[in-house]
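The structure that follows is given in the form of structure tokens.
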């Protein structure tokens, strides 16, 4: 089994606070891996470290066989890592098409047209496949939350990533939208893309993912299959520490 | 066409061009309160070349624009180190320094201004305006245009997806300078005169206001802004001449402009022409095509 | 000797600039708002005072005693300032949450500037009007140097007012409320500060400062025009930046410095040079040391 993404002994502090503490895990190639843990565990920070938004303090990150620890943000996209964000970070004043085409921007040249039919053909097709074909020209700020969330996923797909990082892609989606998202991600995974998904929606995770990494207080406390995670004592303790939240999530 | 209308159309064309010089950096999020700076560089360069060095009109204007672009390029790096209100003030300071320097070059006329003989009439000015609009419209449809607007909305995500922040901003400012220089070069040859006094703070403020009132979300905003805010005050003035009882309109037209600014900022701060509006028209056109 | 006199002249101009610079810096420091209507307030006070105190055939030519005219001038400026508060700052905040997210209040204030200047033009024409105050030409001579009485009053009152302002900000409840609003308006509301009632105070203070400056300017230099605020305001902004945005004492120092640099440059090199030293210096400061000579409060690194 080859490894698409690997973190070894990664640590990160902000000010005096150690937010990520000696975290190591591997994401097998072609897997659908979930990164879970209680709020504040450091999941989004891990994503920021993998995508290069913050530099790591110590340790090593490798992706697709290469050490990317020092790689610049834009290079990581070119290397094959794309992501979505927890709070939607689309360009509010741009149209769906334009937002989505930003995903492939790193491969383009400044003088190429964006708004010709030819240039936008791939983006339109990808939007269609994601069930978002009716919205190409609309300004995204005018679109509903659920649609915007999925547009962000399509933007990441346009980068033709080999590793796709998704930060709470199902948050705020209703049941129908969540199912459509799951089907989209399944298709993406079937085409060979490795998925790393941060999620709180446990049924979604159980349905989709075949590998799980659990963080708590910046440390990894479990790595393994979805079946095993339910039994693991450390994980149960981490979650049972906040019983109300547990109830809500498993509802 | 009467002399009056010709003059009005020429003024309008130049206003349109200068509006786009503010729009270009503006669409990247750089609020430029120093439009006069670029206009002055272009005007004085072109004017000096055509009057002091007897250069023909076309190259003089081209060089005026190029000089302004160069100045913009050089000033871009330091100015882009500032942020927010400081950047607005820096663009303003830049225009004042340009004016100040030009005032002190005696061969360019000093405070009395520069007079030039060569004349650029409608056949020159109008095509330039049309060309400018077409150029900017094309530019905003390219990847560069996408970079510019992405930076305006979210710099860090734009950077994540491969947009070169600094270079894009510098280019936006440089192109803005080139366009402003073109406007200035045309201005000096249309009125056969330029001086620092009349192309100063108020000028920069007015141009900025046209652009913001028109809307910076799309390419058509500045066009609308320049047209509306050139023709309406002029129209009001003409009206006041027709009927003595409407005399107050002459002084009042600027008050109307001021009120329009306040109202637009209160009710429609993104400007009159918005992205959603344009898409809406496009959408209904497409629906008509599809026979829906 | 000549040099010393020029220095004195520069400081006299600087005194007036200082007032306006403080008005600007207070508004930017407390509210993160670069208020371009301040030059109009300056002008309104000056022109209203002139109009009321003289009895030509013009609008408001009532021939009042200059003290009443001045009081009315200040009142008009304050009212105008409150109008701005209502229709730019407060409106923007109510509608858009953070009033300073965009350049809206700045742009709106430009609109009001245009309105007021052209209203003044409509009522009183664009021509410069002569403004004769009884003590205008009285000068004090100390050691061979001439000090204009109005100028001295400007300088002295600028210092007194700012000391007063500083005292209010540091020691009174009102001052603390203002400072908490400057720090974080939402937190201030949660702490029970009635932001709606306190923010207008800043506008009133700015109005009074600009008005006093306008009246003193008219008294010192003897003329008023609808556009008299423009040059002063731009110089005052330069002074504000030099002193550090939001720094009240810095604004005084900055205003004085700008006045000095301007007058010295003009007397040495002639009138045309004036823009270069002031704005050149300013451009450099903005790029290299935006917090000015004396440092600023937390401001404006956000959008506007």
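Each chain carries a letter (A, B and C) given by its place in the written order, and its residues are counted from 1.
The rule we apply is simple: a contact is a pair of C-beta atoms (placed from the backbone, for glycine too) under 8 Å apart; a residue touches a chain by one contact, two chains touch by 3 or more.
In this text the structure is predicted, and so the values were computed from the model without any measurement.
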item: Chain nearest the global centroid, as defined over all protein CA atoms shown; value: B
item: Interface with more contacting C-beta pairs, comparing B-C to A-B; value: B-C
item: Centroid distance [mean C-alpha coordinates] between subunit C and subunit A, Å; value: 52
item: Separation of mean Cα positions, subunit C and subunit B [Å, integer]; value: 29
item: Between subunit B and subunit A, distance of the C-alpha-averaged centres to the nearest whole Å; value: 43
item: Subunit C partner contacts - residues on subunit B that touch it in the complex; value: 31, 78-79, 81-86, 88-90, 92-94, 96-97, 99-101, 103-104, 110-111, 201-202, 205, 208-209, 212, 248, 251-252, 254-255, 257-262, 265-266, 269
item: Subunit C to subunit B touching residues, read off their complex; value: 28, 32, 34, 87-88, 91-92, 95-96, 102-104, 106-108, 110-119, 121-122, 230, 234, 237-238, 241, 245, 271-276, 278-280, 282-283, 286-287, 290, 299-304
item: Of all residues in subunit A, those that touch subunit B in their complex; value: 51, 53, 73-74, 77-78, 83, 85, 89, 91-95, 98, 101-103, 105-116, 137-139, 142, 155, 159
item: Subunit A-facing residues of subunit B, complex; value: 141-147, 149-150, 152-154, 156-163, 217, 275-276, 279, 282-283
